[in-house]
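Take a look at these structures.
Below, chain A partners chain B and then partners chain C, in two separate complexes.
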Partner chain A sequence: MENDLNWAIGGEAGDGIDSTGKIFARALSRAGRHVFTSKDFASRIRGGYTAYKVRTAVDRVESVVDRLDILIALTERTIDENLDELRTGSVIIYDGEQTTMQDVEIPEDMIGLEVPLTDLAEGAGGAIMRNVVALGAACEVADFPVEYLDEALVKRFGEKGEAIVANNREAARLGRDYVHEETDCTSQFSLETTDEDYVLLNGDEAIGMAAIAAGCRFYAGYPITPATDIMEYLTGRIEAFGGAVVQAEDELSAINMALGAARAGARAMTGTSGPGIDLMSETFGLVATSETPLVIANVMRSGPSTGMPTKQEQGDLNAMLYGGHGEIPRFVLAPTTIGECFDRTVEAFNLAEKYQIPVYLTADLSMAVTEQTYPPERFDMDAVEIDRGKVVEGDAVDEWLDEKDRFRAHAATEDGVSPRALPGTPEAAHMTTGLEHDELGRRTEEEDVRVEQVQKRQRKVETAREREDFDYRAFGDSDAETLVLSWGSNEGAMREALEILDERGIDVRFLSVPYIYPRPDLTEEVQAAKTVIVVECNATGQFADLIEHDTLTRVERVTKYTGVRFMADELAEEIESAIAGQRAPPEVKR
Partner chain B sequence: MSAFSAIDEDREIDPEEYTPGIEPQATWCPGCGDFSVLKALKQAMPEVGRTPEEVLTVTGIGCSSKLNSYFESYGFHSIHGRSLPIARAAKLANPDLEVIAAGGDGDGYGIGGNHFIHTARENHDMTYIVFNNEIFGLTKGQTSPTSPKGHKSKTQPHGSAKDPIRPLSLGLTAGASYVARTAATNPNQAAEILAEAIEHDGFAHVDFLTQCPTWNKDAKSYVPYTDVQESDEFDFDVTDRKEAAEMMYEVESKLYEGEVLTGRFYVDEDRPSYTEEKQATGEMPEEPLAEKYFDEDSEWKRSYDLLEHHT
Partner chain C sequence: MSSDRQDQDFTDEVEHGEELWNPGHRACAGCGPALAMKYITEAAGPNTIVTNATGCMEVVSTPFPESSWGTSYIHNIFENAASVAAGVEAAYQSFDRRDPDHLDVSDEDDLNIIAIGGDGATADIGFRALSGMMERGHDVTYVMYDNEAYMNTGVQRSSQTPLGASTTTSPAGTESIGNDTNKKDMASIAADHGVEYVATASISNPHDFKQKVEKALEIDGPKFLHVYSPCPVGWSYESSKTVELAELAVETGLFPVFEMENGEITSVNKISDRKPVREWLETQGRFKHLFDGEEGEETIEALQEWIDGRAEDLGLDA
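Right, the complex of A and B next:
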């Protein structure tokens, strides 16, 4: 797919890389082009190296590739970091007048485009606008009308006043004009525009938007990368819908607050990442035993311990499946695209209330903090249905009273789901405890009651298996001998890898699985294939273990744990090697 | 019918309504101070004018946290140290509920200490009763955060090397707007203080001295006690932070010298609660967060404006 453009801006943290990149991404989206972004960033406020990368095409893009066409380099290191991705003819825009950039060497086969960014920015009203000058220069190189930046600049700087917006527009034009008039760089690209008007959002935002649409009215969290975006998205938005966000003193408090709000009757959610999941595991069992509906978003990052907080990994699958002492019934949903984050979030809230159970909703870093374009109708608010499950009040309470008029809050029903009476409901006051209890919520150690309650809670999962549609999505050639399975955000790269493999004459069937527990039974699909390959971003192959367990079949593992997501071309190579049985461990760059 | 309709019923309430159908007899040891908390709470509730269905009691883990097994209400017996975040969020979601959290000194000042500090700091409109018996009772007599320095136990055979927590001072410093201490041996004062604490608009912290006749015989039964408000010996202004702080320091020190001083130590009627603060900045809606869930006719508000942000 060479009709795409790969663009990046890189510099030090604190250089405004992220917001500049986002202005360009927004402008492309406004111009009716699809956009897929990615970030190289570190857990630091200043210094180091950070980059915002944009891949754009008229057709849908849902992955990154190992190629850069235009690079705005604010530091020398930005060039070094991207040497592998730069190609013959790639354009590197930099400010040669900047003291730290005077000795920069541009590889011979590439085009170094010196633009006096700071100088021109000062001409427009201030050196602070040098990034926008660079954007204007990049527009000229890409043959993309600089006017499309205008609205994105309003979005970014509108709050600071019209003068600031006007200055930035001027800065962009100065950058464009400089390239046009003062250099002999002619564009080798042409960015076609369309009449489409897309929305651009990341996974955390899709989760936040869906939570509001799904009736979530309470969110408790503690700041942690990369989950904080959910909290920040909801703050300032959820209030208009009758909800509130609270910042707790730690993750222990965050999950317990969400639990408290849920018990009082609000749809509630907490969100965190690995280290927070460790703390929340304590209360996870209480949520399940007290049969409280709760959604816990886990935006995965590289672990264990503090690990690599700003890097990609899908390493928490086992923690979510098995975390917490004892045996805890739960659901684990793992959307595979940014768009699907919306759908699974809505579903998570309904599952939580229908089955009165904790639901893990997990996104990985790559999906959570990078943006993608969608047609706005992809997010159909009116189609969102809210199912609160067996909440009882009024006369319905009477059906669930025992002979002494005591409310049977944990009645061992056929489907395992008990009536739920919210505090304040007349005639239904009852006990709830994290101890084993009888149907009235009275603590007990009686063997038969224990067995009945364990079975009842577990039965909810079985009921859900029967009633819900925990399915996969299939791509590629349904008759292929090679079956590839993956979960989480690898779907986009894998779909593009299918196209690359197809060009090489390799037929592959690809199943993307958004439900980890309960999950679809893949026995037939696995046994029908000659080679089964499981793709995931962790070292041990946690999802592969599950597939082997479920299907009693050995699978090939394509894993990656460098902290960087799979790229489409890389994944195609890996799949090809795995089919040939020649997969090597990842190369370590020194 | 709205479930909120249980709330605001106006009628006489009999303390016996608070005796539950499922476990009317408490299983605490004979002579345990915990019985007095239960009795005082049952007496306080009719004063406050709340029915059991309007009350949510959230407890942690320990002998004292069994309180809501013997007290009719919506009871939530949670896990060790975590009663406060559960309780305060329930109050945020449905402010019409009367929310009372309770637990022991290990639960509240040890494992849950951080939540105590932050719940007090946020001044949620709720009551927190800490059953303080200076010992871990349910696990059979280990040193607790309020055990005196030098206290010997199986886990501290040569005596505790730590100064005990000063619970009243901690509550004040953290931001509680009502701080009192009462004792199991003083039932009338206890019922009065609990009623006051529940009616107080803000975070009310009651350190309730509850003797443990089984595992902490050293602490005796907290007799004789003195009510500082009744005694001529003490003269301080409960609304004055500095005077309250000095008084608390004295009270806490005296306890370990064998003198039991009880009463109200700090009352701030003016400090806005967390909800009020958040409502003032527009970060907390006026309507209860949970209300939508009680009103079947209410329409779920959806807005495509959310998408506008992403264009």
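Right, the complex of A and C next:
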């Protein structure tokens, strides 16, 4: 009996695929099972193929795999789209009575399970519940108690009243009973449950939760896929902590409002995706020059321009590292898992205030649309430390006044970080400008002052490099000849790829790097390896460029820019070929 | 299957016929804006260049490998439909001067340039581009289709979202009555730019809307049209009710239909026995919470007062 399950529901956008998948994922997490979800989708509007995939096991799962055990197919196309992932014995649940599904051909070695979804749903109170009937049927196939759906159904339909919840519960049971009584489908699964009660969240939600925990009290943003979930998470929650979310009229306004709030003394944040980063880049320079602490979340999607708004890419690395004219000191953090989105967000706020600098916090679409389970204690709010840096008040202000009692807000200190006086601090009023300025904030073009201020601002990056722990996480065999490096959400798939490679007798050392700038010096690690492979979701190998630049060593590039994230088995193949030196360009999966 | 789709040439299968906004687009059942597109293209005819901001109408009309557009069409970034249209128009003006046989922008039989954006793309992020285009006096007809929120990204509020509406970024709850602002008056803003012809219309009256598009295209210089077009998904109502709700918005005065020429109101579609806005609010899920308690009641009253004030200013009541 299989205890691990790969499950999916697919149909047209607008068919309720997303909410149905979420009900199942939630039920599994409440049953103490780990869950990793993924979505294939085009847009929120009806039309176009959409699927929600759930991978579940008792042990943690960190990626999607190229395999489906149970597929609920609401359209014929759903089956075609997933042919590569369906295996011998996979169960396809569909409504054969639906006119568009009457001629569906189920591949010979698979099990087609015809369930009259719409008819049964009507029996429970309405055709609209056909997805829930299908869920009940899938529970029976997976030998997973349908009762676990109940709580998730309350969460989804509770607002609509008890009757609706009861109807949905009934619908799920009708689906289960139909499979049990009317078909000869016997389950090859036995999904074990545990006493754990996991939280299920996506990367945007982890960022939003961490922002509140880290004392962020102002967020300004503009709707954009796939970053909107951060704003939606904070809206309605941050108020209880004395904070505010403001929806701007565009990204120019969003970052400038966040700048204003930060100047006013709040921990502030804005969030967007690539097109918004482009609009924000002018103010990004002002944030750095005025030495304003600000966190800018960039949840990457396929670019350039409108690109593929609902598809995965890690193509903004150069934009974040080099975007904006002139030389702008900055930090770039890139959490590699949903859980780490929480940690790096907290750190981003501390770094922003300790160094009075803009901090890019970047996730990618794969993390934003994936939900994963964690034990609640993974996110320990009490352990969150808030360091606001060199904020001065009271007598401490005196130390930073010049001979005419003016506050030296941009004093060129040894570590590059000046004292920070929040508005309202007596004796510490000062001006701020995007023009080059002296230590009092007065505009200047004097050569020595210009040089002093440029150096002081850049010095903050060097100070951070010395004081902070910008390290990587290591996996695999530390003595292996092959070194794999990656950033962002590839970590999960890469860790599973390590297991696959291990089974094939290939030893690999894998370093996952969450700090892009400043970043760990990898010279030693790179030079100790025979083959160095950099894995990332873009066409040119932007992170690979950095590694070559840092270490003066040529690396192999494993890139993917189809709009779909890496899968573990695919990565294992790529790495094996790269080691063999015969790597072909990645095949486009259609 | 998807590889087959990529190889297949769908263009042969589609009968374009006389249609310039072709069926088969991916809009939801009961989509108000899709009707607006149909009426705009019917009124404008084939010699039209459409510049379209990112949004529902762009997404649904351009799924690979198909297009619903029988006119020339360019999609641009979210905030730039007015700027791109201005550039197209300036280029054609310059072509006209060099080549007398070239299509003439100022002759409405020759060439129409129409910029289309949703309420977010127009009244929020595209506002400065719109202002620049109107102020510089480009011969462009701008049409804002108003479905009162960002629907493509999943129902976030815009500056056209009415008071009290629950959206994902103005959710109703114990601390909130939903959106806490009234609709921004885009018609007056356009008129104040010195735009010669400004009009509002509703998809519930296609004849009126199409006449206004035709009239706009006959006038040189910038024109601004605001067309009301309900969204069943974002507003939460039965998709067969779109036209009915658009009409009810007019009948309650929530969306007044009028024309402004050279800054003056020149015609108003008068309403006899204007219905209370409550009747319109009751039809949609996004206002459901307003009927739950005292605060909701106050919000309904506040919205009614705002409508009454505008009705008086416009002379809306027959």
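Criterion: the second predicted complex is superposed on the first by the 583 of 590 C-alpha atoms of A that agree within 3 Å, B and C clash if a C-alpha of one lies under 4 Å from a C-alpha of the other, contacts with A are read in each partner's own complex, and residues count from 1 in each chain.
Convention: contacts are C-beta pairs under 8 Å (C-beta built on N, C-alpha and C of every residue); 3 or more make two chains touch, one makes a residue touch a chain.
Just so it is clear, the model here is predicted, and its values are computed rather than measured.
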Q: Report for A:Leu552: first if it touches chain B alone, second if chain C alone, otherwise both or neither.
A: neither
Q) Touch check for A:Glu239: first (chain B), second (chain C), both, or neither? A) both
Q: Name the contact category of A:Pro275: first (chain B only), second (chain C only), both, or neither.
A: second
Q. Given the touch rule stated above, what does A:Pro223 touch, chain B (first), chain C (second), both, or neither?
A. second
Q.
Just checking: does A:Ala266 make contact with chain B only, chain C only, both, or neither of them? Give me first, second, both or neither.
A. first
Q. Counting only touches as set out at the top, which of chain B and chain C does A:Arg442 meet: first, second, both, neither?
A. first
Q) More residues of chain A in touch with chain C or with chain B? A) B
Q.
A:Met231 in the overlay: touching chain B, chain C, both, or neither? Say first, second, both or neither.
A. second
Q: Go through the superposed model and pick first if A:Asp250 touches only chain B, second if only chain C, both, or neither.
A: both
Q. So which bits of chain A does chain B touch that chain C touches too?
A. 235, 239, 245, 249-250
Q. So in the complex, which bits of chain C are touching chain A?
A. 1-3, 6, 26-29, 54, 56, 59-60, 63, 75, 77-79, 120, 124-125, 127, 150-154, 156-157, 159, 168-171, 173, 175-176, 233
Q) Once bound in the complex, which stretches of chain A touch chain C? A) 14, 42-48, 77, 80-81, 83, 222-225, 228, 231-232, 235-236, 239, 245, 247, 249-251, 275, 279, 305-306, 590
Q | Footprint of chain B on chain A - complex, ascending | A | 29-30, 197-201, 205, 209, 212-213, 215, 217-218, 220, 235, 237, 239-246, 248-250, 252-254, 256-268, 282-283, 286, 290, 376, 379, 381-382, 384, 386, 388, 391, 393-394, 404-406, 421-435, 440-443
Q) Once bound in the complex, which stretches of chain B touch chain A? A) 1-7, 20-23, 52-54, 56, 58, 68-69, 72-79, 82, 85-94, 96-97, 114-115, 117-118, 278, 282-285, 287, 289-294, 300-304, 306-307, 310-311
